[in-house]
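Chain IDs A, B, C and D follow the sequence of writing; residue 1 opens each chain.
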Amino acid sequence: MKTYKILFIVSLLISFGLLVIVSPTIFAAEKKLVKIGFIGPLTGPNAAVGLGARNGADLAIRQANERGDLPYKFELVVLDDASDPTTGVAVATKLCTDPMVAAATTHFNSPVGLATIHVFHRYGVPQMFWGGIHPDITNKYNYLEVTRICPNTLVEHANLAKFVVEKLEYKNWSIIYDMTSYGKSCLGAVKPAVTKAGAGILSEDGIAVGTVDFRPILSKIKAIKPSPQVIYFGGVVTEASLIKIQMSELGMKNLYTGVTGLDSETFNDTAKEAAEGTIIIGKAHIGESSPFVKAYKAAGYKEYYEATGPYAYEAVNLIIEAIKKSGPEDKKKLAKTIREMKYRGILGVTEFDEFGQTLSGGLTVKVSQDKKWVLWEDSEYAKGKRSIPGK
Amino acid sequence: MIKELGYERWCHLNNDHILITEDLTINFGGLRAVDGVDFNINKGEVVGLIGPNGSGKTTFFNLITGIYKPDRGRILFAGENIIGEKPHQITRRGIARTFQNSRLFADISALDNVILGMYTKQKTSLLDTIFRYKKVKTELQEGAKRAMELLAFFSEELKKNCLRPVADLPHTDRKRVEICRALASNPKLLLLDEPTGGMSPEETEELMQDIKKIKEQNEEVTIIVIEHDMSVIERIADRVYVFNYGKKIAEGPFSVISKDIKVIEAYLGEETEDVET
Amino acid sequence: MTQFIEQIIFALMLSSTYALISVGFTLFFGAINIVHFSHGDVAMLGAFSGIIIYGLFRFMGSVPSWLITMVIFLLTFIIIGFLGTFFERTVIKPFRKSPLLMVLVATIALGIVIRESVRLFYPQGSNPQVFPKILPQVNYEIGRLLMRFDHLLIFLISFFLISFMFLFINRTKTGLAIRAISQDIEAANLMGINSDIIIAITFLIGSILAGLAGILIGSYQTVVRFDIGLMGGIKGFSAAVVGGLGNFYGAIVGSLILGFTESLSSAYIPGGAPYKDVFAFIIVIFFLVFKPSGILGRAAPIKI
Amino acid sequence: MKRKEIFEIIPFIFIETLFFTIAYLFLIFEKTYSILGILSGIILFSIFINKIPKLNFFLAKCFSEYKKLAIIYGIIFIIALPILLRNYPYQIFILFNAGLFALLALGLNWQIGSTNIVNFATGASFATGAYTTALLAIHLGWSFWILLPIGGLAAAGIGFILGLPCMKTKTYYLSLVTIAFTLIVYLLLNNLSWTGGPDGIADIPFPKIGNYSFDSTIRLLGLEIPFQANFYYLTVFLVALTFIVDRRLRYSRIGLAWNAIRNDEVAAECQGIDVTYSKVLSFSLNFFFDGIAGTLFAFCMSHISPESFTFNVSITVVAIVIVGGMDNAVGVILGALLMTLIPEKFQVFQNYRMLIFGFIILMMLLLRPKGLFPQTVRKYY
């Protein structure tokens, strides 16, 4: 008995000694390689936008490496948050604890973002949101590390109200919003914005995620007297297009509006003729001729770049610029640099306010014309060739 | 009979009977499976229950054990009405049974099966299990010990491979295990539903000896046996009840029954049917 | 008033889509006492096959639309029928003897596989896909009420499909065999019914129905996505259970109950829209607990 | 005698060490090919053992003779793991996740494994625990250690209320009830305002012992162990606890009764088992431990939202039980490890994760329906 206890302990110590020695020395890092993280929903319902953004980010990295004007080789670490906060936190931890990751651009879903900002803050890794429009992400804690390159709901709806209520003078609104974080923050932003601009809200309807049949609600709205001029939808492409289709099925001629959630060609592809005359506050206008689109097409990605691609692209470029200024090693310094950046890119000039929220975000007014999003300025509606619905 | 005396008095009067049924009846759709059966069995009897297939013997057992609710009539066990009680409550009162085609807990060991037979006798609660495990352990081990004895009582062979899942055991052993399980709760009344079904004559012989032994070991256990093998009935049963089409057509010692014209008809009738089909 | 009539119409449409699925559940359960949980996903496949076939026709230039519609229905009929039987052979048959849990989880897993395959291997699979307008788009104005011809058509077709299935089960020899094995598979085998083939046929029929259901649902919802099958399946199953699993009329009644609950609650309960599924499922639970055999189902007696 | 022992123990220890080393490497490897290498290595190793009966026999003998020793070594390894993984916080976090799923699966095992109740309510019970305690912590500021049992009890209460009527329903009906329940809970969490809607509840305080908060790094003889280790240890502790409870239940009339019900309800009734009661008992117990897991989850993530309590959670846990092994606690725990680690490891095809996952379940059911580790026979002596 006794002997084998001793033996046991001895051999135990030996083996563990080995393990402990071995453990940290596996995979020593080679120099000069700088990793930049990307997190987004690559699986699940939001996969489309996630993949678009990923390609954008990837494109930026490729270009940087081709230019090769920096003493670093960049590598994009792509991780999937599957729109799920837990997974988000997990992969964020993975990213932040990789010493070679200089900074990251992250998240389409606000709940995920709200969960991960703490992780990035804890490890002091700069995090720039390419999506995720919840004001709290930047405003609630105002972590130095956290910045956002896409506009948040408050900004978007201010613009929407300015255009539709003040310019086009539509006074009676009906609001539909989906019960996602996005939809709710849209609701929270649109009500004050619209009422402040002097319009009235006739109805509010929430819809569960994954609903496909909106006819009951629409027919209810149809019955409201006086009938609303504007039907606003706070949500994302799929439901948005379905609502529009079913509106036309019901023969409803109201003006249909929304914000950047609708800004994807998917909306037009889905709603087809029905989409005609929809007015939205869209993301930055990336023309077919713009270098980004050219490069994107050239790179031959499988997926369409969606509305999110450019933002991820811009974010990575901005990070690379910042690295050029202050180097990848000192992340605190890097974070500061990012905050102070004044970057001129495909979204126009990007600057961050005291919360790390971009001031411009390159918002535009777009109208659906012949199954395409067209800038308001050069649309036939502005020229008066076509009449805006709902008058 | 109840009507004359009044329920209470009647019960009192019959308290030496272990089991009494009065006008017991159940219908399935149109078919009247058990039809106005009066039954009374004294403590410590061995009673045979015979009758052609589908004459309502098993249904009768199901009524006693509370699996079916009778449409009419009374069941008194040890002088108390047990109608409307759930099977598990009735089992607690001391009725154990086996099933026609044995219903064992197939994927656990024979030993576990028999220990489950003692469920009513075991007392440990959830809290004991989680916080005072010693108690549970001793209880289980006693149970296991007793189960071993029971199995050994039937055959040493069985005791040897008592840790094998019952599904792997041969048919006869399964029958035996089921009887052990029934005995484990040392019941006042034991209902055996064709215990020798599908056994060879030798095995049948063995089993009968065993049942006899059970009787010898404790006198006051009462046994009701459903059986097709008349020789078995003849040897072990003190009295015999004969069922046909859900009705009790005769009762009495085997010697008398075997000469009863109604009974013989019943059986002949069945045989002719057999020929046809 | 017009609104109310509209609401009723929507409710009916929704119900009919549920009915198409739930009848399948009822059929399978009736035949071999299994719940084919990926049934909804099979329907989804039907919708996608419809889209693909339509896409192929685009290349072939001008073909009369009625012909396209016919071919779409026919090919889907064949493809999904084949797939359904294939699934039965590979995923469900092996578990015929094993506990219920097995086949339940197996079909759920199958559902995952189907969904994910479509999402991954169909171009842009994770985006909603526009379903082609294969039915004539004509509207009638009745007062302020707008009636759509294609909706009417969808309703009628589903009605015919279900009644056809009903006749098949009750009037044909095969249907008789199906009912026989549902009673007692061993006995049926002894009577010289080849249960294997009959079960295969059952799945063929059920899957075909699901496939066509997919097309109809697609043309009603105008877009389909890889994950419509999950909810569709669960709703269909719920409908079947509420009505009484294994009973055709039951499936239809159940679908009507669910459909009406959903659309009316989202229309007339203030702020009720997001909770419509909650209402639906509460009704389901209520039925399961207080009348598990469903409205028209019979409680099976214990066999000893 | 002693010599013999010497000759047995040394190789034995080293073989076990080899085991652990492989496990460790599997944890820390990132690149797909190296992971595949490890996996194939394991397979080859097992084949190798089986090919050489001597070695096989030897190992079996050692494990039976030096069971205690082997277990002690295992425990030491589990405790020491965070030290080895000190540079890999992510891996520790994943292990913590696996632990959570192990808790859930152990609970569910009493349903699916022991009693054969196909229960898909895990998501709901998990959520109940998490949200109850999170809300209490936020609004009343109660401490984690008080809330841990409360979370369990809350869930158990719900389970009891739901179970009492539901356990009268059978098989598919029952599973449909549980599915419906999960979906309802998810929808409500998403749409109600006081649960924080889709944003969920943020800033749940980390557990504290005295004034040692669980989000602070452990410093131990010069080594810095990341804070995730705290959660890891907490989870391991709870899993161990649940494991013991599971053993005790299994070796008791309760566990026996469950198995009886799994086999044949009528016969069970005829042994004097109150079937409904036993079912409700296993249901509530399951909910209780799910509730505990939920609490743990809420406090360690410090941010919860409905997305973490979808129907998929239920499916995953069911899958774990099936893959791990019916009614076999060890199997279930290992199953939890596999089902959480392997998807993580194959992040490389993030896209194909769910697909692979579905296939794994199907293959398991088809090829090894009793799970990797089937239930064992009870021995009483």
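Everything that follows uses one rule, which is that a contact is a pair of C-beta atoms (placed from the backbone, for glycine too) under 8 Å apart; a residue touches a chain by one contact, two chains touch by 3 or more.
The model shown is predicted, which means the values in this text are computed figures rather than measured ones.
What chain lies farthest away from chain C once each centre is taken as the mean of the Cα atoms?
Result for max centroid distance from chain C is chain B.
Identify the chain pair with more contacting C-beta pairs: B-D or A-C.
B-D
How big is the gap, in whole Å, between where the Cα atoms of chain B centre and where those of chain C centre?
48
Starting from the mean Cα coordinates of chain B and chain D, work out the distance between those two points in Å.
44
What is the distance, in whole Å, between the centres of chain A and chain D, each centre taken as the mean of its C-alpha atoms?
Here chain A and chain D have centroids separated by 35 Å.
I need the residues of chain C touching at least two other chains; which ones are they?
Chain C, residues with two or more chain partners: 274-275, 277, 302, 304.
What positions in chain D touch 2 or more of the other chains?
If we look for residues of chain D contacting two or more partner chains, we find 187, 190-191, 266, 351, 354.
At least two partner chains per residue is the criterion; list those residues in chain A.
Correct list: 47, 179, 206, 208.
Under the stated contact criterion, what part of chain D meets chain A in this complex?
Counting only chain D, the residues touching chain A are 2, 5-6, 9-10, 13-14, 17, 20-21, 24-25, 28, 30, 66, 69, 73, 76, 80, 83-90, 93-94, 97, 187, 190-191, 197-200, 202, 215, 226, 228, 301-305, 307-308, 344, 347, 350-351, 353-354.
In the complex of these two chains, what residues of chain C are touching chain D?
Chain C reaches chain D through residues 29, 35, 91, 94-95, 98-102, 104-106, 108-113, 115-117, 120, 230, 234, 237-238, 241, 245, 274-275, 277-278, 281-282, 284-285, 288-290, 292, 302, 304.
Using the touch definition up top, name the residues of chain D that touch chain C in the complex.
By the definition above, chain D touches chain C via 112, 116, 118, 165-166, 168-173, 175-177, 179-181, 183-184, 187-188, 190-191, 266, 311, 315, 318-319, 322, 351-352, 354-355, 357-359, 361-362, 365-366, 369.
Using the touch rule from the top, collect the residues of chain B that touch chain D in their complex.
Answer in residue numbers: 65, 67, 86-88, 91-92, 96-97, 99, 103-109, 111-112, 115-117, 119-120, 122, 124, 126, 129-130, 133, 136-137, 139-141, 144, 163-165, 181, 185.
For a test of understanding, state which residues of chain A touch chain D in their complex under the given definition.
3-4, 7-8, 11-12, 15-16, 19-20, 23-24, 26-27, 42-43, 47, 78-80, 83-86, 89-91, 93-94, 97, 109-112, 114-115, 118, 122, 134, 136, 179-181, 184, 206, 208-209
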